[in-house]
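Heads up, there are several structures right after this.
The two complexes that follow have subunit A in common; it is paired with subunit B in the first and with subunit C in the second.
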Partner chain A sequence: MNKLLCALLLLVAVHLSAQKPSASDILKAVDKNMSSGSSISSTRMVVHSQRASRTVASTNYGQGNDKFYSEYTSPPRDKGTKMLKLGTDLWIFDPNTDRTVQISGNMLKQSVMGSDLSYEDFMEESKLFEDYSATIQKESSYDGRECWVLCLIAKRNDVSYYKRIIYVDKQRNVSLYEEWYAKSGKLMKTIKASDVQRIQNRWYPRKIVFKDQLKAGKGTEYYIDEIKFDVSIPKHIFSKAILK
Partner chain B sequence: MFQFIIKGIFRDRHRWLFPILIVCAGVVMMVFTLSFMQGYQNSFIRQNARFETGHLKVVTRAYAEMIEQKPYDLAMLNIEDEFKEWQTKYPELSWVQRISFGALLDVPDERGETRAQGQVVGFAVDLLNSKREQELLNLNKALVSGRLPRANGEALMSDAALTRLSIKIGETVTLIGGSVYGAMTMQNLVIVGTVNFGVGALDNGAVIADISDIRQLLDMEQGASEILAFFENGEYNDKVASRVAAEFNAQYSDPEDEFSPKMLTMMQQNNLAYLMGTFSSMMGWMALVFVFIMGIVLWNSGLMNGIRRYGEFGLRLAIGEQKRQVYLGLLSEAFIVGIVGSCIGLVLGLGISLYFNKNGMDVSAYNRNTSILSENMVYTSITLKALVISFIPGVLSTLLGAALAGTAIYKRQTSQLFKELEA
Partner chain C sequence: MMILHLAFKNIIGNGWRSLVNVLILSIVLIAMVWMQAMYYSWIKVAEKQHVAWEYGSGMFRVSSYDPFDAFSWDSSFAPIPQAFKQQIEYGKVVPILMTPATIYPAGRMMPAVVKGIPNQQSLLSFPSGGFVSENPFAIPAMIGTSMAKNARLKVGDVFTVRIKDSSGAFNALDIEIVKILSIPVPSVDIGTLWVDLSSLQEIKALPDAASYLILADKSQNTMEAPGFRLIPKDEYFADLYQIRESERAQEYIMYSLLLFLAMIAVFDSQALAVFKRRREIGTLSALGLTKNKIALLFTTEGVLYMVFAAISTAVLGMPIFWYFTKFGYRLPSGYEDFGMPGFSEPIYFSYPITIIMGTLMFLLALTAIVSWLPTRKIASLKPTDALRGKVR
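Here is the complex of A and B:
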């Protein structure tokens, strides 16, 4: 009788642990869902500043997490501006001056096209699992979806944000809401993802709202109008020659 | 009686030489220090007006809230019509539009790759369509090498920054800044000349370009972060400035609209009202400290002199002079010594101050690491107020010293004075 009871308890325990994945598993699942071998996308960024709102459109090419090329298509003032990221290097080409400038040092803190994203945010290349160790804080509902609330703490000193709180959709493995904190504990940015759709074999948000908590304004809306995953991208796209 | 006292003083070298030397040195120091301080204050006001504040300044209400940070993203845009209206409405003021901004100066090599980079302070003024800014900034005098910009795309930079970044005159550099909407922007400029304003804060690394070029760089159509107004006579008058600002704000400024214009007087900016108040109170305190220190020194001198003259006082009391008369005599002597010492001090102090008024004093070593807007050459400014502030304490301190020392006459018993006389 005792043996039977023990076996039953063991079964229940195994069943329960199978239902509640570990924080690392959740993070890996998020990385798997959001990352791809390559992607081509058309996006619009609506930047709401204190004075006005403006829309910046671009075509983007990504390969893994360390290669990224973006060409701005509107507004006319920014059309032809190109941005290339190769590993830890980032270059901007400005058609008005015909100059290619490497963004480094303090310039990385500057905003991308006036948005709530900095070049430093843009430069983050590792997967979440590689940069952060995670713990499950609680289970909660966000935007009508059941979520895991994870607390991520940076594993290394060179990670831009020491701590992140993320709400991960339990079923879709998409982070729906994030809070990014500095080491001092100050909330730096919030990210809200919505309009999650099935694209190819993954769930992907079509709209993301970034809000720099240190900036006035209503934040930056980022719309992914079109995106294709795991497509073949010509090699020349990720070379400095593309910038001229 | 007066002649008698004068003869008494000047026939005894001990009575006049040391006190006059002390008073004279003190007054010389006071005249020079006050003239220097006044000169420094004038330089400070002038430099602030020319480079920073104007006599009056118009900015947006949002900009005014953070004016120390010069947030050009909160600047006035499309203001040409308003600008013309203000020019017509206030003919007693001359107006200039400016943009101050921070930027990165990127110097390319022959392949277009970055050769050198440095942070610069951008200063956009109307260089091409009006001579007013050239006069205000004294550009012809400040020009060290090259020439002033004659066309769009040309700029000046501070001589020190040009040397630091190894740029040659005629070379093209790229200014990297942020647009009024926050996006990164770039603009190529040809450096045609270098300047040295004698203002540490600007000479460390400034780029001066025409406002139309910078409007393009910062995406500020018909915009200006600051509009400065100057009284035509060149003198700042706080009463008039306050009246004009109040009138302007009542008509044009809307508390509900953070981008509506707001006029600030010079004293409402850069903490100038406080600084000027501090300058004035410093002058007052200096006079007080001067009287106190000189009083102590002359008191000591008077005591020494008094001890030496006990015999004389004893004799005077013996022949029937009252203590009060002896004491008043001592004060009269001190008064005459004070007048003479102060007069000599005034003449000498005036001479030294006039020398520095003409030739100036080089204070560049103190301005090198400061952000205070003051000229590297400070010219003393001699005012009647400074002369009076120096002269009166000169006389007062001598009187105070003698008054304190002379009280010993009352403390001594007549019998004791007679004893000292006999000895």
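Here is the complex of A and C:
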């Protein structure tokens, strides 16, 4: 009888372990879901300051992790502002002064349009699996969804955030909540994703809230109104000539 | 000699008119000497402050660092050369490490530069052993008054600073302001947090690295410093000298205005004298003085005005000059926010004799020319007409 019980338990355990994916598999799945060869999107960024909130709308083009171009379409004050990222270089074109400025040094540490993102954050480019070793911490529910809670530790010294805790939707492979930590262990940023929808052949969040935990305020909301993946983008979009 | 004697007598005889001329020239001279001394002393004060707070007797800066190229800042460090290590122990060299950072005072996000300096040092004006805090979880830091004002920080404030280490990973730590220093050098104060060197080396994961090395002695300039470059005094102070040059333009405009007013006074009185003293010109001519000698008499009178003005300047200006040497000149409040060196502390005047003598000689020459110009009329005067008081 005991032998039979043991065999049954072993069978259940083997079955369960077969069902539970490894942390690396989860990361790969998240990367596959969130990144694409190229994308074109229309977004709105709602920046909350102490006195008021303002919305900055933009059209964005991305190719891989290292090419990104964005043009602000509203409010009128910012309309026509263009931002181009090529690898580790970032330029901004200001239509009011008709000048292009390369963002560098201490300027990279300034906030993008008063948001909770700095230009430096904007420059981050990575796939989680390439940069982090993951372990499954636990299974938990977040925002009504069953999630894997992963602890990611940087594989290399040059990864910006040494540690991340991420809540990955078990069914959709979307990271719903993330905590980014500094080397000292201090929590630096949180990211909340919601309104996950099926877009083309992947699940993608329509709303992301970035919160710089070191900064006061309500955080920055990022709405993806429209997004198309794996589309053909003309080459001139990712050239400096577009900044005029 | 006779002409000099005659010119002297004429000036004395002119009474209050001469006095007014001398006073005007004296005021102009006092103003010019004061302005020149002010600019000269300001540069000297600024140089002294830079030496005391940042430059020492010389500086080796890491070769990759360019203060005008923000791209270079993140990688502006190199291992401290072996030859300097003993000098550092003896306090003959002060290593400084710098890094761009983001600070979050009261939840506000601000870019800043964090600089590390050894806690125990006496080469620069930072208080030695000043990085002491009772808070074991925060790194003690010192800032200047401008930084405190701009970031709204006070002693005891604790906030987070975000720094990228040498590999590019973010590190975030709490900082406590333990001292607010009156730092007169903007490049040492504005946007800068000073922490203990070893703390910053640890945060940056750069043990034994520095961005620049401050020297106690000029003789150390010849030391071998691989990875570092000697910054000559002229290069270090190039900005300051450039500011001085741009200020010089304004200074010359002021001088020109003052000189114009003074020379108008001299010219006017000389022209009037030629007109009013035509009988005297005729008499002197009849007595055998050549026209050139008569012109020389008038020119000498003009130059004597300037000589008297110089004596009067020494007498009248002395209390003013002494006051600014003793108590200094403090620029009106608000000027310290201009980000210019030497503006936040009183400027104690010194009077370089070469500049003062140069000014005096220039004024003497100018006065001589201006005094001579109206006397050209004398050349066209007939002695008989002059005696009758006729002027063509």
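A few comments on the model shown:
In this text, the second predicted complex is superposed on the first by the 230 of 244 C-alpha atoms of A that agree within 3 Å, B and C clash if a C-alpha of one lies under 4 Å from a C-alpha of the other, contacts with A are read in each partner's own complex, and residues count from 1 in each chain.
Everything that follows uses one rule, which is that a contact is a pair of C-beta atoms (placed from the backbone, for glycine too) under 8 Å apart; a residue touches a chain by one contact, two chains touch by 3 or more.
For clarity, every value in this text was computed on a predicted model and none was experimentally measured.
Look at A:115: by the touch rule set out above, it reaches subunit B but stays clear of subunit C.
In the superposed model, A:162 lies in contact with subunit C only, and not with subunit B. In the superposition on chain A, A:186 makes contact with subunit C only, while subunit B stays out of contact range.
In the superposed pair of complexes, A:78 makes contact with subunit B only, with no contact to subunit C. With both structures placed on the common chain, the touch criterion links A:241 to neither subunit B nor subunit C.
Under the contact criterion defined above, the residues of subunit A that touch both subunit B in one complex and subunit C in the other are 107, 110-111. Those residues of subunit B whose C-beta lies close enough to touch subunit A in the complex are 62, 73-74, 77, 104, 106, 108, 112-114, 174, 176, 178-188, 219, 258-259.
Interface residues of subunit A facing subunit B in the complex, by the touch rule stated above, are 47, 49-52, 54, 56, 77-78, 92, 94, 96-102, 107, 110-115. Across the interface of their complex, subunit C is touched by residues 104-107, 109-111, 118, 120, 154, 156-162, 182-184, 186, 188, 212, 214-217 of subunit A. Against subunit A, the residues of subunit C that register as touching in their complex are 69-74, 100-102, 104, 106-109, 111-113, 160, 162, 164-165, 167-173, 205.
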